[in-house]
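Inspection log for the structure reproduced underneath, given as structure tokens.
As written, the chain order gives the labels A, B and C, with residue 1 at the start of each chain.
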Amino acid sequence: MSTSGILFAGFGGQGLLFSGKILATAGLIENREVSWLPSYGPEMRGGTANCSVRLSDEPIGSPIVSKPDILVAMNIPSYHKFISEVVPGGIVVTDSSLVKAHTDRMDIKRFEVEATKISQDEGLDGISNMILVGKLVKESGIISFNTLEKAVHKCVGEKKVHLLEYNIKAIKLGMSL
Amino acid sequence: MEEKVLMKGNEALAEGAIRAGCRHYFGYPITPQTEIAAYMSRRMPHVGGIFLQAESEIAAVNMVLGAASAGVRAMTSSSSPGISLKSEGISYLAGSDLPCVIVNIQRAGPGLGGIQPSQADYYLATKSPGHGDLHMLVFAPSTVQEMADLISHAFNKADEYRVPAMILGDGMLGQMMEPVILPAEREVKTSKPWAANGHQNKRPHNIINSLFLEADILENRILDRYKRYAVIEHNETRAENFMTDDAKILIIAYGASARIAKSALTAARKEGIAAGLLRPITLWPFPVKEINAAAENARDILTVELSMGQMVTDVKLAVQGRRPVHFFGRTGGMMPTPEDVLEEIRKIERNGSI
Amino acid sequence: MKVVYEKTSALTDQTLSYCPGCTHGVIHKLIGETLVELDVLGRTVGIAPVGCSVLAYNFFNVDMVQAPHGRGPAVATGLARSLPDGVIFTYQGDGDLAAIGTAETVHAAARGENIVIIFINNAIYGMTGGQMAPTTMPGQMTQTSPYGRDTATAGYPVRVCEMLATLDGVAYAERVAANTVPNIRRAKAAIKRAFENQVARRGFSIVEVLAICPTNWGMTPIDSISWLTEHMIPYYPLGVYKDKHAENTGGGGV
């Protein structure tokens, strides 16, 4: 696949934009074409929000991911809104602590991760998004762990060492599931 | 060379402005351009510059008028409803021959409209930016890289011709992140002997003014300015050709819609449809020659815009009936997908010229 | 021959465009003398408004910018923020400053912009031929209040100095009048204090000058002076409304 469209969808405040930024940065480190586009506006204030990321080997036209190759759904409204848009053969990762819904689609690969619960159990409150990032990277292979780790360093900033460790721990956890 | 960084279009533009020597920014918050103001408020104190949040868009553009009168590189930014308010100032800036940059990160109108991306201010930017006979340079970036690069070019050209310049972006370009290589910091040494910066008792007083009560004098001022506009039209037109050499269906689109059109025509090529894109980078001056050259071998022209069809009138004027000009647009903040545009291309391919 | 009086070098030789009896000329002179006395002619930039004094850019022998109607304080802000050593003043009428430019005036004051505003209040729009201004007196007849300003429908005149004095950004606000020789001398002192404030970077200063408009008031200059004295001064009391520097240094106002 020369182009991957990844859509993070959920509530504002769940770290959707940051998850997207980590992936886009990883793409940049691997010298690929990347784009990142948030939904903006009232969604920022707690409504449904999403973030489109593209990683590509060709120049990117539209940065809007309306038919995702990979969907990360972090709440029920987003899941219902986008599940039918995922391309056949696409990957869907859901936070099953928050999304309890079924689909009849047999042509997608669906992975359920109790990200919110696991993050609370593991002392990783507030970064369940990174557990999901770990899972999506493991299942899709769109980026290597090494690059991802470099991207976290770039996005978190070397000064915030504890946050750096938390994020990487969460990604590793997600990759182990 | 600078390393590639991931940046939002709005922020890349703001950094590009600073690196182009802009140290005076006057703004007012409005979605989806507020990151420009926020970025400037963070950066300006570190580079000895001025960030000022004005009481209104009207005040902001008039602060730019004051700063430009003093001879410094000054800018303001806003989004569509705020640009309506700046029209007054833009007219005075043009009438007073003041160089500056105004950024419009367009959102949907009319009225308060919406906050999603739009290109419905094309007429406002190119046809009627303010009352009176006037033009303003209008640049249309279509990547984050161009957001960073064109702002510097806009400042240079504004200074060179003593005209206001506009960067006409949209919410998508403003909000999206893409890798960008930031332009190098450049020292600006533009001589502005006309500036109102204090005569130091060494020269006659300078007057920055747009009022000429004698009609013949005013007409001559305008005629002189239009001579300058003619030079601009001759020298400063810019457009990008993408697969136009053998294109039978020539797409004309700028900014965000050009990106979508590019994806669509790449897909069309895979289906054996010879489509190409002519992307205006300057909207005023409009690339009339470039369009006609690209249209030479084309059978049909398709204009794609995020509006009900504004630039399409300029395309029609450019080709003067020599080619059929089709239009496809979405408005109100809706974005067409590449598939939507591809379907239009297929339709034109199937139906041929009507 | 001994020279006993000379036109200030701060004014050009351009013939003033004002009507006979108008007080703009006197006020221009006071500003000009002040700029010469403070030796700041070379670093001053003045801003002309829209109104009778729109052509002020031709009269002052300093760099001048003609501002859109009411936007003088915003233009002045842009200049002041670009010229750290500049002396920036606006010259504005009542319609320009207190109607269309209210927001620009109030916020330049609130920010404490280091500028001087010379505000000419003659209770009428002059250049457009005598329409009601925000400062037109109750009952005063104008082209657009032909039966006299009716406060029930047209509201009340705005007292600018009193309003601005409430803002912390204002360093100095004084109202003076151009009706008598002693008052003109006081006006000169106020204008000088305002410019001194700016040279010392003390912030926003405004001097409101009550002025006459014989042409549009439909009176002789002498009757106009009397009308200003009898009708305007009681509504617009003269005096210092704020003088931060005097308060800080324990000195009195003018």
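Quick notes on this structure:
One rule holds in what follows: a contact is a pair of C-beta atoms (placed from the backbone, for glycine too) under 8 Å apart; a residue touches a chain by one contact, two chains touch by 3 or more.
Everything numeric here is computed off the predicted structure, so don't read it as measured data.
Fewest steps needed to get from chain A to chain C, stepping only to touching chains, is 2. Counting C-beta pairs in contact across A-B and across B-C gives the higher total for B-C. Note on chain placement: the centre of chain A and the centre of chain C lie 62 Å apart, centres being C-alpha means. Work out the mean CA point of chain A and of chain B, and you get 34 Å between them. If you average the CA atoms of chain B and of chain C, the two centres end up 40 Å from each other. The set of chain C residues touching two or more other chains is empty. Residue numbers of chain B whose C-beta contacts span two or more other chains: none are found. On the chain B side of its complex with chain C, the touching residues are 24, 26, 50, 52, 54-56, 58-60, 62-72, 74, 88-89, 92, 96, 195-202, 205-211.
Of all residues in chain C, those touching chain B in their complex are 12, 41-45, 47-48, 54-55, 57-58, 60-68, 71, 74-83, 85-87, 103-104, 106-107. Remark: chain A residues 21, 24-25, 28, 33-38, 40-41, 58-64, 66 touch chain B in the complex.
Residues 4-6, 31-32, 115-116, 171-172, 175-179, 259-264, 266, 335, 337-338 of chain B are the ones touching chain A in the complex.
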